[in-house]
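Structures follow.
Each of the next two complexes has chain A plus one other chain: chain B in the first, chain C in the second.
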Partner chain A sequence: MAQPTMAIPGQLLGPASKYQPGPGTHIHEANLYSSLLGTVNVTQPPKAPAPVKRLNKIVPVAAPTPAELPTISVSFSAKSKREVLPEVNNIVLCRVLRITPRQAVVAILICGETVLEAEWQGLIRVQDVRATEKDRVKIYESFRPGDIVRAEVISLGDQANYYLSTAKNELGVIMATSEAGNTMIPISWKEYRDPETGISELRKVAKPY
Partner chain B sequence: MTDRRRINGPVGATFPPVFVYEGEDAVKETKKTRSRPPNAIRKMYLKTGVTPSASGSAYLEIETSAKGSGSGLKLSCTVHGPRSLPRSTPFSPHIILSTHVKYAPFATRQRRGYLRDSTERDLGTHLETALRGAIIADRWPKSGVDIIISIIEGDQDRESSKAEGDESWDMMNALSGCITVASAALADAGIDCVDTVAGGVAALVRNAADDSVSNIVIDPVPSEHEKILAACCIAYLPTRDEVTNLWFKGDLGASDMELYTSLVEKGIQASKYANRVLVECLGETVG
Partner chain C sequence: METERPFVLPGDSIDPSLIPVPRQQDAQTQNSKKQAVLRLGPGLRHMAATGAIVPTVPGQLVVDGRKRSMWVESKGGRYVASVGDVVIGQVQRSAGGDLFYVNLSPYTSNAILPHLAFEGASKKTRPQLAPGALVYARVSLANRHMDPELECVSPATGKADGLGPLVGGTVFDVSLGLARRLLMARSREEGQVAVLDFLGDEGLAFETAIGRNGKVWVRSDSIKTMIAVGRALQKTDEDDLSVDDQRKMVKWLIKSMR
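Let's turn to the complex of A and B:
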């Protein structure tokens, strides 16, 4: 069956036995329907199976799709950007707003590759800062207000906050300013140094890619 | 010496204006009758993306029924979001819809205030029910979306000053327009929907005062009929064959189930016609 190039919400795309549902589609009574207004894409299964989640995000390495079915998806028309929400396992960039002994409150700025339109708040709890020696972690030795942090979403959290974690080598502070106000450079996994004053400060430093 | 402090009348004598009396016939001629067949809706114009600052928007216009005096329906809809909820709201695993319908102060014969009155809140509630059945709400956890509709022209005949056919019938037409335009704006905003929902109205009307025969028309214009006995507004999903909202008004004999069913059927037919316009409009948006 030849696929139409565009779809409107509710348009029949094909039977669920022939295609895998991709982003922008839904299944109703064993048939695949579009749920967005946009263009239809059919991706043949590559060696590594195609991500089933939304394509405009960094997708976890998990979710291997065993079937060999091609994935059909509807991508929203490119003329305008669409709002994106942080999802569990997404890598986000955020700015630290304030710290307490138990947690750091951050504002999520970028989710995956997309700059967010809306302001979403996140929380890095003290036990989620690093993977080892969790009981010795002190928030003020890991983050300071104003730092830019790369973190992973671990939960949709409570009413207001997403719960984030930096418990991986490549997660943590990627940009920091010193108390003197200069941009600092990372010198070890837990230290940033101000190049002008030479004073070093403690941070949970992200390993460079 | 003339009094310069006040505005003086003309010096000479004047006469009050006398208007030419046109006779009974001229008045009678202005009484409108329905010119389309009973199973046809009025022409409709729909366009998406009219408000650049909103996430999604649409504009709907329904042509004026009669020559000259009538005013059609003009709706503008904006969709804002999905965006984060205020901090006070509890956790929600799905999107929270909030709908606002507002008549412009000049939209109807009776001037409207700036605050929403009960009919506008009523329209908003009905609209929310109609849309909630079409949206896939769990694709957007922890977020809210605002749907705001301004009724710019309220589909009322400006000439008939008498209170024939009270405003409740106009609300029906307004609601069906609101549903169609909101559906287009939601699709434009990229919010997941199971189908394109569209609104339709059917009414049981009586055309002459002495006539005991009543018949069913779709997309009724109150000023074109002598009396509207009952009306129903339907929000319908065509590919799923589901009704998401049903609003019935008027008095029908409780015994006559046939009449209820056929009124609903005609309402569905009207919304199918509206949906055709909607599909075409969305096709233009993508292409």
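Let's turn to the complex of A and C:
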């Protein structure tokens, strides 16, 4: 049967013997149904090399293996790109929103190489800022509101927040603005300096690549 | 040294002749490392970009040539916490199992006072402060991004040094400027305030604690004494009395109370 060009959730797409399920579809009683509202795409599998024809041998035709079936998928956006969400152990870039003595609240902007569509909120707890001397960390000497921080996701957390950590050398503040309003350059693992006024400020600095 | 004290407004430029310049021979000697540096007190800000010193509050510019320091004497305003100030706060509640929320000034967010920041406090023995109790504390952390934090123990020695809960007595509000002058080491010469000394000379027995956030706590056995002390402080504040006027006012106050 010809597959439809647009599908709504629950719409029958075809039998599982003819198509391989892709993103946006599910199998129910050996049939493929759409899970999303969107356009239907069929991708043909790479053609396996045809078996060598021998004139004097009868070879039974096997049922097509799953690798040979076309994949049918349903996607909402024209680019057919799936929503990227931060996962555990991803490196993310985030901006510090506010600091309290026990944690820093950040907004996750970039996950890996992808700019996220929505801003997810994350927490960097004071014991996850550094790997050493965790009980003597001062949040005011590690982050300030407005800093851009490279962090790693350690937990998907609860409904409101991801939990992040900067407890590695290459994690920490990568961009910071001084009290005077100028962009600062890093001096050591714990200091940034304003090139115009010469005043240093303390941060947990990420090691540049 | 009592030179003129010009009145400045925020953003005014300061006459360069007023700024104390370190003498040449001072720059050589050992102890003048401190002398060669100009110290800016409250109300002044050094703009690093232009190198200018700019007042940020209205008031009288005071220059101390001997200590090479300058500051602006301003009367009042809202209290902004800075590290090292001693303040009188009122406990709002105990939260999180190991924190007190303490209110320093009205309509501002509360400061945090950890349970363990008292002399002799441990996880087993914590101070019992009910909501509404007064506490005399020092600001240990203050910046514009976070709520201030207090402590009731000296971080170096672990002793209270007079900090801690204030029991009994009553609190009077004064302006920030008067509180600062009362807390000066030589309040009669430099701060022009000697009201408490005069009251003591007249025979009143009381004890006080002064908070930089504009609060003075007074305790005495007699209620009349407490009222007299509070009234004297408020009159000094409202009428901007000089030292002689303060003496006369104290005498008048005592006479009218008897």
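Rule of thumb we're sticking to: the second predicted complex is superposed on the first by the 129 of 209 C-alpha atoms of A that agree within 3 Å, B and C clash if a C-alpha of one lies under 4 Å from a C-alpha of the other, contacts with A are read in each partner's own complex, and residues count from 1 in each chain.
The definition used in the following text is that a contact is a pair of C-beta atoms (placed from the backbone, for glycine too) under 8 Å apart; a residue touches a chain by one contact, two chains touch by 3 or more.
Since we're looking at a predicted model, the values are computed, not measured.
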Inset, instruction - Give one of first, second, both or neither to describe whether A:133 is in contact with chain B, with chain C, with both, or with none. - result: neither
Inset, instruction - Determine, under the contact definition given at the top, whether A:68 touches first (chain B), second (chain C), both, or neither. - result: neither
Inset, instruction - Have a look at where A:8 lands relative to chain B and chain C in the superposition and call it first, second, both or neither. - result: first
Inset, instruction - Examine A:26 and indicate which partner it touches, taking first as chain B and second as chain C; both and neither are also allowed. - result: first
Inset, instruction - Have a look and say if chain B or chain C is in touch with more residues of chain A. - result: B
Legend entry - Which of chain B and chain C A:199 touches, first, second, both or neither: second
Legend entry - Parts of chain A lying in touch with chain B, wherever the complex brings them together: 6, 8-12, 24, 26, 28, 33, 35-39, 76-77, 80, 82-83, 85, 117-121, 156, 158-160
Inset, instruction - Show which residues of chain B lie in contact with chain A when the two form their complex. - result: 49, 55, 81-85, 87, 89-91, 93, 134, 136, 139-143, 187-190, 192-196, 237-240, 279, 282-283, 285-287
Inset, instruction - Within their complex, state which residues of chain C touch chain A. - result: 48-49, 112, 141, 143, 145-147, 149
Inset, instruction - Could you please specify the touching residues of chain A with respect to chain C in the complex? - result: 98-101, 139-140, 144-145, 180, 196-199
